[in-house]
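Please read through the structure below; I'll follow up with questions.
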């Protein structure tokens, strides 16, 4: 039992966001855009480590939990796909409009443990932003990491996000290979590769020294985790972010539980081992 | 946030007089989402519309609110204006601050507050609008004209001449309506048969016109461009293909019946042609009076018919056809004055007759071959009294409106009477003489010069004395009581809509006004159209009028129909209901509610949470749906919503109103 | 010290002067629909309101005083492009009078959730600071009480400030926390000397063994038992809303023109839209998954995270579940199902 | 066949065993005893072996009409024990296309009215029940009992109607202030089968999730109007309400008015007549001229 | 709003009704059908008729579109009176819309009265496109009746 009033400190209600303003909007695809936000006095809304989540929304219409897709010295960027009512309103935002932001929430990619290892990033559709945070960190301290592979698939060519990074910037990075695939109507430069095991095998990875980072839809997750497992990559070295409905973000509203774990506190990053241990909810 | 542009119209002083426009503009600027407010003298004018287009480009506006007159007036105008801008024509809302605000509230303070509320409601609604797109509706290029009077004939001829097939439905055995009963027509006094009969023959002979006499419209479904109409062709008991119209059967038929066409002045046979120049010029058998049907004997006509065209076993036939447009020309009926005016003898005196009966008497092809005689004893009347406005302009006993044509045909009757009976005296009791057409007043002056005595006043009482009728009235000019003993009294009774017009209106969704006339879309701007797209009005069905107006309106209606038929296809109404498949539980309540049978239940396969499920959902036929929204109110889980008037929009309007 | 029962009324009047006193009272005076079925809750005490300390457990639990069903988090105002937020500050000063040990245990569970694990919910914290809890030992049990199955002592409520124990014509009051002793000084004029009576021996209709419940539940996660059990469940929120220890909440906002406020309100994991994500995708689409999640969270997940079970054995959900789903029967069935396979 | 509860229960068990064994039904929905004396709970009986858990006594108060709906795509057939109210509930579900008739095997039992385990008297909803005999069934156990309400079911409504407008408002405001929006009344109601109830459609703007007096009123009043004209008067909404709101006084009012306006009718008597608000007569009562 | 505030809510609304600002004007919302009543209202404008400015018209394609939930929503958000107007039965532009409205509103009006809303506050009228006079009279009567009843405090959200 806790003796009230002694051992818990609290400063300000964690559920109350801070008001920020949108400084730049880049349209990635017809229904995905990235929003750069900054506090009213031009500062950084909150410190964050790659992989952490943030709550981003508009006062009269509500807020949702997104992964912080990129961070600058005095801005944060959220990549939002238009799916529901709140995201529809977010996509009507204009530069200079004020929004509400709070965070950071959840754990982060294990950047320290993965030092010196080869990195295999697998992402599907809107799953690229969370993976990109880790990828950018690796590219930033390129020396700490070995070979980097990015395998990214989307349903159609128009759904590929961060196109210029995908095609121009990342391929020219040292020892970095970018493989892009599209399910439907792929014309021209990209090729259709499906994610069956053979494709991943013939990437020629040093299985013992590779950490796989996986983020995408349920079907992509199922096929890839099986494929990685039979390739021999140990469960601890397969990382993924789980997706659940998150309301409060601070582990109180009880909503985002998968078994005993709360995605917003204990996640979103889990190793495959932890996922296997969870109950098949 | 949406970027809304609000344009406030002064409408000259119509709005600006009783609404403080500057204060309205200030209040509008604060509304959420409004990025630009502009005032303009006349929004609907060309410069006004240009201002809107320009501001769309300059300020990147994506939604428009125009505070001006009624949307019923200029919504279409502003929507057309938006078609050539980047803004979708349906991202537009109109706040009615003229007809429902500035014109009806004198107190400027209250008027301005109301205008601010109305604009706030429109802004709240436009914020929730979504771009809508029209689709194409095919047009069946065939017209239906209901009513074979002069209006129906003229409309049918115009459309047929333009090359489109027409069906002319007439409930009497022959077309011609009331005009063919007349003798002469004012003001030119040319004989009505000479101008009406040729037109009837043209109709009869026209390859594009199919006449369905003795027929009535039974049932209508569908919508503009695709009406499916079922017509009941009553049994004629004569095979029109074989019958040559020789008239032998009519001569030999033993049973005599009072002729409605001759208004009771003469008899007709059970197998009869209503009048000589009837079109189709073939007889029908009146089942109620034919002895074959009533007593199952006779059958003379069957025996005599050389081409044995008589079919006693004939039945009503139901014909269902597709039509693109409909013109309703059901015409008028004279009011039954006998039940209204007891002081004129309530029909008991045989020599107190109405205008049409007098027309039959004076008509050369009438029962009296044109000799003016008294129906009672056949003697030539020396003094005639004509009483105007019997039933018209008399809200207590009859109708409040003026029947427009009676002053002129009254003068015509006086003129004809004085022509035919040299030493005749003609007294005309009138309230006001309304002769406003071309050459009308001159005609009236001629009648005065012919010696007709016009007495300003109404006849209070008519009572018989000997074989004369004493008419007591007051001459309001000399304010003396005037008594005239007349041989014959002609009452110019009021016009009333045909009682079948009510049923026709109900079938086509055209409302009737208090007096039963079919209501036009707009008295000044759209007199021949109705609120139901594709349904037009012609002739006295829309209100009392004389023959020139009927013909003009008939041609106008025909022009509208031809205009529509020249289009490749019609733009469908995009404001229709849509089904949210996720919420539809397949209960089918909406199917019973839809007046256009536009909703059907369909079994579908859907993947829900990665499991394939088959279930029933409602599906809307966007062609049939007219956007009435009845289904949305019957759907409990709001799976059905009406584009343009969605639940969210209406709720936002209510919220905005109550701030 | 003994508080004579006839002095109770005057004590409450005095206390009502200093703070809002919440006492168990019946709130459907007209006897409700089922002929005399009483519905009770912790309502503010006014002079003359019918205090009902006899009820074993109130229909609405005291959770309502600490985590109100609807609570405004912050309000905002939108002027054109910019937004201003104002946090709600609530300074509560209330006394929860007559809290049974099962409810007190639930309050302790709520404390664990809202006041520990990296984030502290300040709204709950301020309300908890301003609340004095007066526990009341049970003298009788209802058929559905089974708090002893979770090692709870009906006589002594865990974590209360002042504990009252029934002593025939009065209540023996003793302070268990510093806050309790300070509050007790104010009661002095109403107390008389007396010794602490030995709490009456209570007999319960049934007692369950909940020792290894957590592990057993984990092993039967995929068992079809849940399918049949959940077919009975209607998916309503009665069990969660009457349960003293259920704390899940939903957050939403209410707008009026350009102002509005964001609030949080109770939510039940048995509701369909509890974990509904955008685009109608629901990680727990069927009733089975939702009901299983409810029992697992109550009896297993919470224990793994905070160390003790979230069910206090009060039995409210057993009494009020429309279709009679009984958590005690579920616990019993766990033995049978686990033993079976 | 005598109608004593014990004999009915015995016959029901035999029929259940035979039906389960010969596979006409995949499982039977009935009742089983709860932990305490007089407490029952619905039972999903799959195996013939434990047919002894199946009971039928005077405390089987739950309505079973809604349970088959959650398994509407089943390959086999669902057996359901139906009394008067359940059968009308099944008819409602059939009328609304929520389940196909061939997926159901209905065992009808004429019901003499259930008792409240706490007080022992007959439940109010059974006193007011108009159709004790099942209106649709595949087989019947026991002889028919006479239908018709034993007490005037509109008495409370008439008494409320005699109050003044303000008194009525205060009465209902006090009631709705107690509602905790647990939605038990909606989830137990056989005619409430929407996939997403209006009260959960915050985006559309019907209602928020806040439990303020106004939101409770909006929920209670609108839900009751949605099902009022098709209510089978099973009384479940009132029975299940944890805070004991007298909800039947609401839908009885709608039913009483519907009788006066559109003629007497009983919802759920068959599965084809359209609900009163889904059709019209040209010569309906005209008050708005 | 927790339990305690709810219990004494009814008394509060009664006290509120006592002090009414004298410049208070009723706020009445009229759901009007586009083809008949809205046209009638326009006609009243064309004929420069005069009626109090307390009514706001909300245009809908047909009276059949009026969902009873809009009416309660209007009262809750702060309207003092609600009018539902449509074409005369038989005149509906969509032929059967107002037959369903008639049935719904017959039931709903009695239901709201039973729940405590004064009948004068919620009226339903059939007004055709040519009955401008009837529209004006309906509005005048409604404003008078609602003004006499004072502001509506029933079923109203706080702070509205």
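Annotations
In this document, chain identifiers A, B, C, D and E correspond to the written order of the chains, with residue numbering beginning at 1 in each.
Quick note on the criterion: a residue touches a chain if its C-beta (ideal position, glycine included) is under 8 Å from a C-beta of that chain, and two chains touch if they have at least 3 such contacts.
This one's a predicted model, so the numbers in the text were calculated from it and none came from an experiment.
Centroid distances built from C-alpha atoms place C farthest away from chain B.
Chain E has its Cα centroid nearest to the centroid of all protein Cα atoms in the structure.
In terms of the distance between Cα centroids, chain E is separated most widely from A. Here the CA centre of chain C is 44 Å from the CA centre of chain E. Centre to centre, using the average C-alpha position, chain B and chain C are separated by 72 Å.
Measuring from the averaged C-alpha position of chain A to that of chain E gives a distance of 52 Å. The geometric centre of chain D is 34 Å away from that of chain E, both derived from CA atoms.
Multi-chain contact residues of chain E, defined as those touching 2 or more other chains: 1, 7, 68, 73, 88, 90, 96, 100, 104, 160.
Along chain D, residues 178, 196, 198, 203, 206, 211-212, 277-278 each make contact with two or more other chains. The set of chain C residues touching two or more other chains comprises 27, 60, 69-70, 78, 250, 252, 255-256, 258, 267. The residues of chain D lying in touch with chain E in their complex are 157, 160-161, 165-166, 168-174, 177-178, 198, 206, 211-214, 217-218, 221-222, 225, 228-229, 253-254, 257-258, 261-262, 276-278, 280, 282, 284-289.
Per the touch definition, chain C reaches chain A in the complex via residues 73-74, 76, 78, 81-85, 87, 108, 111-123, 125, 128-129, 158-159, 177, 179, 218, 221-222, 247-253, 255, 258, 260, 262, 264, 267, 269, 274-279, 283-284, 289, 293, 296-297, 300-301, 304-305. Partner chain C is touched in their complex by these residues of chain B: 32, 582, 608-609, 611, 655-656, 659. The touching residues of chain C, counted against chain D in their complex, run 27-28, 30, 32-39, 59-60, 69-70, 143-144, 205-206, 228, 231-232, 234-238, 240-242, 250, 252, 254, 263, 265-268, 271-273, 287, 318, 320, 322-326, 328-329. For chain D in complex with chain C, the touching residues are 34-36, 39-44, 46, 62, 66-67, 70-71, 116, 118-119, 121, 123-124, 178, 180-184, 186-188, 196, 200, 202, 208-212, 236, 238-248.
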